[in-house]
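You will see subunit A twice below: alongside subunit B first, and alongside subunit C after that.
Moving on, here comes the complex of A and B:
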């Protein structure tokens, strides 16, 4: 019974495909697979870029001894970039401080602000959105009206005003950026939570005696992971710009301490005779934003965390 | 072990005066319901007659505007009594694709009521296996995800979940209407089989009168939020008294067209529904 007829595979293969015929659903998985790999390439690129920037920022202490950030010199102002020559890899800024060291320190400051503020704003927004959307009732109204208020204020203006109240250090700017951005996440998560709460499997759990906060944790939160990841990536891009922007406008990290934003401000005043003082921090800001956007875009095309992409996510 | 036995003659579940309004629309108007231990009560009616709302109110997914639900003579009021009540009640929903979390395995889904009532810790795993076996899912891996199963199999898993805490009452909200006809019969047989083995009472919500005939002891006919006729399945299907019931039975597809007698459109002797805009436009 088990004797397999030996036929050349070249002969059987076309017959087999002809027999099964072109199934109407065949192109779709293929197309989806390409979209997935394309998406994966995107978010991996973004993640690598972000990782590279973080490593670069972590290397700051290595830039220490010859390249000090505060040593200015009257004889070496606005030196162009040049390897080895007088020891300044990226030249010096308008008052003779080493640009390489300052850029690394500035990148570190920017990344610390962006990553922390991103985390706090997404976390705060997620908690508010979940609580408001899941438990409903009067405090849903209260919370969401507060969200509306935060969504309606102009970002930069209120950021400047807030910064003058909470202070201008790293902590201050993180608080300001969090206050400016949590409401976006909150609104999105709220909407999704309301949708999920009405789903049959949540109601089935509740009907069988599962307590509400357990149902929230077990049945609602996991379905939000994709969205939260996307939000975090997009929010990250926005937070980089606003964090650096506030420093650029003088409301964030204050001048002797380098930060990409205030380095841009310095560079824009010396760009006529030392354009690299503007371009170096500019490139890094763009690279940071790009990294977040790539991750967001890639995640949008393919969700790496749940291999079990089901009918639910369609 | 269980709560003190109520006085004899107390029904297992008794709902009195259930009223529910959505704005101007009255979904349920002073509805009463009684279910005795081990019996099947069916609620029939067309879409929008309030059948599902009644089930959802009983199990506490929605709150009635007025009326009380008593289980073994005790009113279900407040969080604690509702939680205790849910241990004695299982529920099977209409759509087996919708009522299971696709991110949980079927084992986790069946175990969920056990966990919720602190019954999982000792022997939960064996209990889940046993439950899956008892609904005819022999050999199904508890670690498998719902998307691997067909609609009928999923509904079996849902039934296993409903039975997890060994309830006395199972509320079935159109459990067969999302399934193929051949599978419908299997699920009904399973429900009947489980009833005879476990002394279950069913509250069966359906619009399918063939199902009603098969499964019920008593039938409540619901029309626009009020019970218009109540009786044994035999009475209702053989000699319906209310015009609406007669029409409902007449609408059942028959094998021969000659046996079918669909009457003229409804609403001759019944009051019109009350959509708010109609009420406003009416000059009276």
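Moving on, here comes the complex of A and C:
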């Protein structure tokens, strides 16, 4: 019996797979699909969380008064009721007001401010960015220099200065937050519009004799919807933080009206002996920001650039 | 190159000037009488008239604007209502504490974010743990993190002093708070730019030359992430000047942010607007410096439009 010569392992096999495999600088289609699915799961979760918070905020009529002081709920040492004690679902705050009721009203105030300010700042920024990017010329230069000015003032530091001038309360804080944040959207939308304007289909439409603002509305605006959604999610997260933060610093909704930010300020002064007064509003602020961040992160995952592979593993 | 630098300097100067103008307009249109807030509710009409004269409040707007601009250009940002001292010297007094906090936070960010980003870029697959930490930190408002660290390491496990002093021991918690907040941004930028470098043709060349993994990363990849990280450091000046307001209040760190909160409580308008002008000047200067630095590090940046 002659022995069949065993073919030695050739050096060609690994080379062949490397050559037939995808180039690391091109994302694999499969990776792109998984990224999209994972992304969808993330932004759907974020949207559900935001919906849940909105429903919670709509339940305020069921929660009772956020102002009534339940003196009988304090313990014999004068400490506030803890979570679930004396018929208070989340206990009471340091002076005996029902924390559940205050939290729901506070969440409502925070959401009203965040959603309105998000809408106004994104809308203002989008209009400025779109007009500057599409019509160009000296007009663009002036608008974008104004954007630069607003981008160079640190938000909270100037927010306090601005709040001392436009006043406190819901309208005041919406104006302040809009003034602080519109420029970020404007810069992003401007860049995207300039890029779109150079594309062939816009040029073709203009060459066809389509009027400029029709071209803007029909051909540029629809392409901006993705970036606008992305911006609205990111901007929303920032706006929640700054809105609640300014209230925490005393520049937003004034006590005794509850708002998550000013409840944090109350809670921080009683956190050593009643930590729940700080934790309850804290958890809700984090949940609200998390909802926006999840949406932004989910939309961002669809970007296949983050799925590039390395030559070191090839 | 020289022309590009000149244009950048001019644009920066214009930006600061515009901020000064904006603060003037806002103060001019605002309702209320500054003389009344200086002298208090019991002031006699004569006293009010004298203060109004000192502040030139009865002059026409163009004369007030001219006076305001010329005094700001000479470094006079007005006098604080609440403690009757020049605004600029009050700000300069508090600036070192904020600068120390920002520098310490930057170290935390660079070390944490850099290591994190490099680790993620060199792994072939995405780590779900780091992705979760990333989302968690991004959705943590800076004040929330401050409260949590304060409760945990200030009260429950009293490792760090929280007596409101300004020594190195008191700096640890606020610096970690600010630094942790920024680290996911650094991690993302480091990861993305490293991925880009790793998938580039010059790394392919390095691999086919047979260079060691270590040498490729340290010589060919890390050099190319220096430029985006420098940009991020420049942007951090604005982020820090905003974040310190919360962090300094929570940890009682005596910097600019704490001063601004106090100025807001006292409605001390010259101090409030003065801080904004100084902050804008700092941000503009930082962006200019970063731009010059990037041109030095990365020749590709030098040819960008101004």
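We adopt the following convention: the second predicted complex is superposed on the first by the 253 of 314 C-alpha atoms of A that agree within 3 Å, B and C clash if a C-alpha of one lies under 4 Å from a C-alpha of the other, contacts with A are read in each partner's own complex, and residues count from 1 in each chain.
We adopt the following convention: a contact is a pair of C-beta atoms (placed from the backbone, for glycine too) under 8 Å apart; a residue touches a chain by one contact, two chains touch by 3 or more.
The structure presented is a predicted model; accordingly, all values stated were derived computationally and were not measured.
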With both complexes overlaid on chain A, does A:257 touch subunit B (first), subunit C (second), both or neither? neither
A:146 contacts which: subunit B (first), subunit C (second), both, neither? second
First (subunit B), second (subunit C), both or neither touched by A:270: neither
Let me test your reading of the model: by the given contact rule, A:164 touches which partner, first (subunit B), second (subunit C), both or neither? second
After lining up the shared chain so the two structures overlap, which partner does A:200 touch, if you call subunit B first and subunit C second: first, second, both or neither? first
Once the structures are superposed on A, label A:208 by its partner contacts, choosing first (subunit B), second (subunit C), both or neither. first
Which partner reaches more residues of subunit A, subunit B or subunit C? C
Which partner chains sit in contact with A:249 here, subunit B, subunit C, both or neither? Use first/second/both/neither. second
Taking the superposition as given, does A:60 touch the first partner, subunit B, the second, subunit C, both, or neither? neither
Overlap the subunit B and subunit C contact sets on subunit A and report the shared residues. 306, 308, 310-312
Residues of subunit A defined as touching subunit B within the complex: 199-211, 214, 218-219, 222-223, 306, 308, 310-312
Which residues of subunit B touch subunit A in the complex? 59-61, 83, 86-87, 90-91, 93, 95, 97-104, 112-113, 115-117, 145, 147, 158, 161-162, 164-165
Where on subunit A does subunit C make contact in their complex? 24-25, 145-146, 148-149, 151-158, 160-165, 237, 240-241, 244-245, 248-251, 264, 268, 271-272, 275, 278, 282, 285-286, 289-290, 292-294, 297, 305-306, 308-314
Per the touch rule above, subunit C residues touching subunit A in the complex are 11, 14-16, 18-19, 22-23, 26-27, 30, 121-122, 124, 135, 138-144, 147-148, 151, 155, 192, 195-196, 198-201, 203-204, 207, 213, 216, 238-239, 241-243, 245-246, 249-250, 256-257, 260-261, 263-265, 267, 269, 272-273, 275-276, 279-280, 283-284, 287
